[in-house]
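By letter and in written order, the chains are A, B, C, D, E, F, G and H; residue numbering begins at 1 in each of them.
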Amino acid sequence: MQTIFVMVKSELGRAYEVADAAVQSVDQVSEVHSISGQYDLLIKCYLADGADIGHFVTEKIQRLPGVRDTFTLIAFKAFS
Amino acid sequence: MQTIFVMVKSELGRAYEVADAAVQSVDQVSEVHSISGQYDLLIKCYLADGADIGHFVTEKIQRLPGVRDTFTLIAFKAFS
Amino acid sequence: MQTIFVMVKSELGRAYEVADAAVQSVDQVSEVHSISGQYDLLIKCYLADGADIGHFVTEKIQRLPGVRDTFTLIAFKAFS
Amino acid sequence: MQTIFVMVKSELGRAYEVADAAVQSVDQVSEVHSISGQYDLLIKCYLADGADIGHFVTEKIQRLPGVRDTFTLIAFKAFS
Amino acid sequence: MQTIFVMVKSELGRAYEVADAAVQSVDQVSEVHSISGQYDLLIKCYLADGADIGHFVTEKIQRLPGVRDTFTLIAFKAFS
Amino acid sequence: MQTIFVMVKSELGRAYEVADAAVQSVDQVSEVHSISGQYDLLIKCYLADGADIGHFVTEKIQRLPGVRDTFTLIAFKAFS
Amino acid sequence: MQTIFVMVKSELGRAYEVADAAVQSVDQVSEVHSISGQYDLLIKCYLADGADIGHFVTEKIQRLPGVRDTFTLIAFKAFS
Amino acid sequence: MQTIFVMVKSELGRAYEVADAAVQSVDQVSEVHSISGQYDLLIKCYLADGADIGHFVTEKIQRLPGVRDTFTLIAFKAFS
């Protein structure tokens, strides 16, 4: 399993609509938070090993209606 | 009371119009300054305790005509 | 409950040590990931309502041995 | 009167001490807030017309004990 | 005299056209360079003392055809 | 020979199409990678000595269909 | 094989020394360029599939003498 | 002739001293300004054609006493 965090900037005034759509329509999404700072949302996703992360972000997240910009963080390891 | 600062980038040539609209039409706005750097305006707002800041920025600031981008800073504490 | 994400840059070569210390010694920490980009770690924390976030980051996260820099994101709302 | 905002990153764990010192020892300081994001504090200052802002930031703000980095925003105009 | 530097991002493929227009049609412009990095152009301008810099950038630079984004640096003092 | 790296942000959902076009239609392009972070692609190009890099980026890269933003890094020297 | 790009900021005046050390002492390094912008070097590395990228950057790149800061980009796919 | 702009962050409180040293001791320096924003100084330099810019920044600018960080912009072309 690969874990990634995608920060999303939405079209103005549409952040909460994007958040709902991400939760409901993208299987790999596990958590969505609205956040302070430059981006509107922080989305945590789990991808299958070997999945092409660039393809996922491009095809699944960037194509959600209302998304304007993304910043992708790859998680290498979880500590617990 | 929660204090936040929203930096706003407006559509080109419309910063002063956005500033006037923010002052006149958004109750929570207490100060607006045009500024140097990457953003055009710095807006200080006071929100009621418990108000959802993400919702306020999305619904009230980002929907002012001429706003293009926002960056939200949360103030935790004021010193005096 | 307030949710925050703190991105941490550690002293060179000490990111994994900081990650372990955050998990083990800070009660409010719920998840730590090593990440790509400018920061080394992404730390998710839950704080009590009304807790001063600036004070928590300053006193608890920034004082972990090996921490060099932090960037704090406030989560306003979780979607599910 | 010139208005400027200085965002300050302090040495780790010393943000609140810097905030207190700014309020108490720098006459031009009118407000200090601890904030989310990359910097720890947002400081609003009023300088006399014609004062050299670079000199003020360098000599007064950057020399407060515990300051590590600054980002200066110049306010051109206040709207009200 | 006030000196400012405005970094300009132009619409794609139009940077050189914007550069020519800045030189020819804005009196306050003294130098224009195409540059590496995030912005396409660096423009040096001299404004009269007391001129509102925010108004100048908004009205004169941001309204040049093909300008997409600006970042304004204020020069406090020249050394020589 | 001059080496440059251009980071490209594409229109949403079009990064892989831009990558293919860059490889196939721009002679100076030697490598294209989809990447994490703020940009979608990292493109390595070799230009003839004396070629105007700003002109190349503006005319060749920014005009590829689907390109939205670029960030240019100039390589001064290769170590081996 | 995993491809990553690490941008490195070195201690002042030591960038070329770091570049030489990276080439000579880190097996996974395939190319090093000195670059314009915020960082001094761009280093391309090939890691074995399944290798922990965070661990590699922390243990191998950040511990090269003279390294001060790193920014890691993960390449998802190469186009050709 | 190659034109570059180097933005310099100095050690706290030492920006004006660095500015004076740059003007007086580095032949390639033609202008130095103290500036708003993230950096303290903007330095314009002219280098001979073919000079290694990375080497110049590393050896001449970064070694001025009091320099802490640099950001280099390459000017491709001047418009007039």
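The rule is simple: contacts are C-beta pairs under 8 Å (C-beta built on N, C-alpha and C of every residue); 3 or more make two chains touch, one makes a residue touch a chain.
Here's who's who by UniProt: A, B, C, D, E, F, G, H = AsnC family transcriptional regulator.
Keep in mind that what you see is a predicted model, and the values were worked out from it rather than measured.
Peer 1: Farthest from chain E by Cα centre, which chain is it? Let me know.
Peer 2: Centre of mass proxy via C-alpha means gives C as farthest from chain E.
Peer 1: Among B-E, E-G or B-D, find the interface that matches A-B: by residue number, over half of the contact pairs should be common to both.
Peer 2: The A-B interface is reproduced by B-E.
Peer 1: Go ahead and note the Å separation of the Cα centroids belonging to chain C and chain D.
Peer 2: 25
Peer 1: CA centre of chain A versus CA centre of chain D: separation in Å?
Peer 2: For chain A versus chain D, the centre distance works out to 35 Å.
Peer 1: Taking each chain's centre as the mean position of its Cα atoms, how many Å separate chain F from chain G?
Peer 2: Whole-Å distance between the two chain centres: 20.
Peer 1: How many angstrom lie between the centres of chain D and chain E, each centre taken as the mean Cα position?
Peer 2: The answer is 27 Å.
Peer 1: For chain D, what residues touch not just one other chain but two or more?
Peer 2: 16, 34-37, 52-55, 73-74, 76-77
Peer 1: Could you run through all the chain pairs that touch each other?
Peer 2: By the stated definition, chains touch in these pairs: A-B, A-C, A-D, A-F, A-G, B-C, B-D, B-E, B-H, C-D, C-F, C-G, D-E, D-H, E-F, E-G, E-H, F-G, F-H, G-H.
Peer 1: In the complex, go through chain F and note every residue touching chain C.
Peer 2: Where chain F meets chain C, its residues are 36-37.
Peer 1: Which residues of chain D touch chain B in the complex?
Peer 2: 3, 5, 16, 19-20, 22-23, 31-37, 42, 73-80
Peer 1: Mind listing the chain G positions that touch chain C in their complex?
Peer 2: Per the stated touch rule, the residues are 52-55, 58-59, 62-63, 67-74.
Peer 1: Taking the touch rule as given, give the residues of chain B at its contact with chain E in the complex, in rising order.
Peer 2: That would be residues 9, 12-16, 34-38, 40 of chain B.
Peer 1: Show me the residue ranges of chain A that touch chain G in the complex, using the header's touch definition.
Peer 2: Checking each residue of chain A against chain G gives 52-55, 74, 76-77.
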